[in-house]
């Protein structure tokens, strides 16, 4: 069998572990050939690739990033390229293509699959917001990095007697905020799923100070927004030079809370640190299993599908279903956090 | 409501997170009272306890160990103490008891539950071998510690051109060996579930050297044993002074492999390091959820039950079912590891 | 002997290790009594303190923050309080006072020492800019945290084909930027000691892209500034609400570099994460030694002095000398970084 | 200029950082050529080498192990090979050779230097026992790994109410034991420099239990030995199969302490984990500086020398002096540990 692999979208710890696992399973166990396309879909559209043998994946299991490179391709661009992709697949004699990527990538994968190409997707997102899998690799690492930062920030907040507003990743969903906030014992957790009322938040934090505590940690997902009318909010946009000029939710929250509480409040924006570097053991195991099962699916001819975790099992789920809707934090999960808004 | 809590059995990262979560949910949200028994069942049998308010659990979320202490009590001892326990429960006006512990503790919990005491169990084991839950807290930390050690050992094995035989925890099951071995890319993984053939193992490792590699890492669970007749094996025992004199599986394997392969082989025994210290974010979240749901179960009167993870949900499962059999590594999971024996 | 201890200024990993060491040495070995003043100089001025026995410092060695609390006191305030401090010292029967703090604290310490109070200072700053000691505790932890972040950011920068401008702490000196930049292999390091020329910096980074590399990491100390006339630069200030509105050097650099290089550039501001949490082993040992030697100095009557590291030895140096000038990065050290501007 | 590099002896975090630094400084800044010999002196004796350009050292800064391989060569073997080495050096047109290694390597380096070869040594040992430098790279990482393990073991020792005897590296000197023991707050530290009296040790640990504590941590260097007559001690040796059969000092101590104290005592042997894997930021900076200065020394013609850290400066010291005697822990340093034997 001949298998093509590509990684697409933003960085995510575990990408290399999937690539390695695919090559190990396919080459060592099945005697397949594997080629890796460079920079995601671009590589497929331009037939830019290299052969991946066992040596090519030596020592990459714990490495962040992706040895194949990545890129973001606009959907239109890909739509126009379906025939070109089909041609390259035929020329290269590929029996299966395994794209590893997030929501956008999986939508593109579905497009190609609907056009008849033999696709097995592997879901990837640090945000954990893909509906048909319990968890995606990269999420555990992101939560771990955020939690370690929160652990450190707690002692500083306490020494300085401040409120720290810590912004973590999550444009549409609050999974990282919820898990890192629970893991680190944050005093309030603000998620996009539930627009916050600034008054309520100030009261929650204020109660802590009234109870004699001298600091507070608020974890907020970058995509969190106030309830309408709750506070003036800069929803972002480009300035005249075309630069993003969104103040960021943490910065705006810290100004508001400082005024309402009369306590020093400071924003901390964790940013890209959450999405790179060595994956945790959990993510390496999940990524390795996804790769292994993707190869098995290809050998069984289970195309148009995506690997997914259900409980302790890796299953296949249809690409169509996978991208139908985002997996948001259910309010009953949010309630478990004890320190909800 | 008045709730008693105790921790029993070996150390496990996340115990304090459960205690904290129980107190937070019970005291802050329900207005309950919580008492903590000292040193596990001993505290219950001797009515040795202290009140746990919110301050008592401040700052313990990320702390290893257990603020309540732990101990191992012989089953007979507990059986004889049922009436005493019942008396203390009545005297203290307890409406629920939440024991946090492993297999032995849960068996004891069932005994007391069968005797009519209001019990909600919380499962705990770094070994991950309790059947009715997908995962137990402590396991992720243990795997993480073992994986980090394996990552380090790889470069040393390579520099010294050696075979390293790394013994990880797991007397009856190979979960830690499987997950850490997969996460670190071990070249062979030996688990108790499948007695190993020393010849097969030597061949597997030998093939690596024949392929030009200069080192190998073998991960072995402490409870792994050779297939009958495969090799002479010291199954352990006490010496004349009553000291354990089992050479350990890693040590015996390293001697055998050195002779068979003609390569330097060395044992590394990770030991207690795997079961202590700060829990990972994953374990803190799981432990916190277990605590929260145990309190909810108590308030609903769901006694004789135990918290469990199923997929992404916390559910209740009967104590009876929980301790019926160990959760061993299924052979199809083992096969995914690519480097199985 | 009766010894008073206080911690003053910003958070710094290792403060608790010093406190613990002082108590261990004084109480356990010399049979002294130790009291800890709350919230730095404020505690001394208001005679707000508590007794510190061995139990009071149990389990704090690896804990971030300070169990005594901290605060910043204005110099004038302290100057006016000298007589009050002297009175409290007499009332409490203190034979020595050990303030642990940074430049401001040591200046205050000198003031009190000049006024005749028996002071032994312990220097503290994550910035490593106190002249008379080779290193201060807290610095190694800050560098470690920044380096770990840089390690992670590298794979993301590479996957996203970006320039990342990472701002680390250091208002007046570039020690953290220099060490973390060297440790992580940054492609340019910008320090306050040498105002940067934006054209030169763009050229340095640009050469990397011309050589076929696809990403670059620039580490910049928060206090770095452009050479006069090199670029427009927002030097900060308060907005009409009194909020700090300095865009920050990393943000300004990323806009400039993006335009000059035609490559995506993004700022990452590590912030407070660098100054809190568990100290590294190095910092714990240094902090412990400082505490031990401060007690010895007090017993010898060596007042008006400060503990300092010289090579592998802890020595005493006069408080007067300690605060004379900042220890900046010498240009020959900067040159060793290979990727200097 | 043409420079040869080799790494020799046991694994040590930072080896790759030195290699990278040498190549960066020599190739990028001086326009030199660098070749790397494979497997230490063997590569030099057999002219087995490869060219090292900038790409060859890409991404290795944080990598454990050595990309050049290492080996141990017997002194006689090297003595016999001096003329062969001289021939290869001439054939390859090498102007300088930079061996990176420990005591044995530096002795060999001196031999070749005395024979007229142009040598600049770089000292390497996790044990920190080379006399003419304040610190060697690798040591900080080893201490960090041991300290993290000790942090974890403390909670387990406490939960299980045990004495844990933790054996760390250090055959001849107690630096790792001293620093990790101080950093983790061990209750006794046993070093080779001061033969221990088992009665004294038991009393020290026993006092802790009498004071109401429920656990103790003893850190012991692998090379520690009892004072003569203090206890029966297995000094090791080979069994009939030629296998090392030394019980190890931690194991023997734990049996003795268990009997004398009537408390459970268990040995933990950290082993190889201490000497591999990613170096700390501290070690990466030190290793990078050593490499940089070794190239500078070569360009100045300062042969027969070795790089060394003195305070905050890198200096050169003669190879002759470097290997004269081991740097042992001075008793006044040992006394600072507070919990000395």
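Per-chain numbering from 1; labels A, B, C and D assigned in written order.
By definition in this document, a residue touches a chain if its C-beta (ideal position, glycine included) is under 8 Å from a C-beta of that chain, and two chains touch if they have at least 3 such contacts.
Predicted, not measured: the structure shown is a model, and the values here were computed from it.
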Graph distance between chain A and chain D, where chains that touch are linked: 2
Contacts common to chain A and chain C (chain labels): none
Distance-maximising chain from chain D - centres being C-alpha averages: A
Distance between the centres, which are taken as Cα means, of chain B and chain A, whole angstrom: 30
Rounded Å distance, chain B centre to chain C centre (Cα mean): 41
Between chain D and chain B, distance of the C-alpha-averaged centres to the nearest whole Å: 34
Set of chain A residues in contact with two or more other chains: 148, 151
Chains touching one another, given as label pairs in label order: A-B, A-C, B-D, C-D
Interfacial residue positions of chain A with respect to chain C in the complex: 10-11, 15, 63-66, 69-71, 145, 148-149, 151-161, 164, 214, 241, 243, 255, 266, 268-273, 275-278
For the chain C and chain D complex, residues of the former touching the latter: 20-21, 24-25, 28-29, 61-62, 134-135, 140, 143-144, 146-147, 151, 179-180, 182-185, 280-282, 284-285, 288-289, 292-293, 310-312, 336, 338
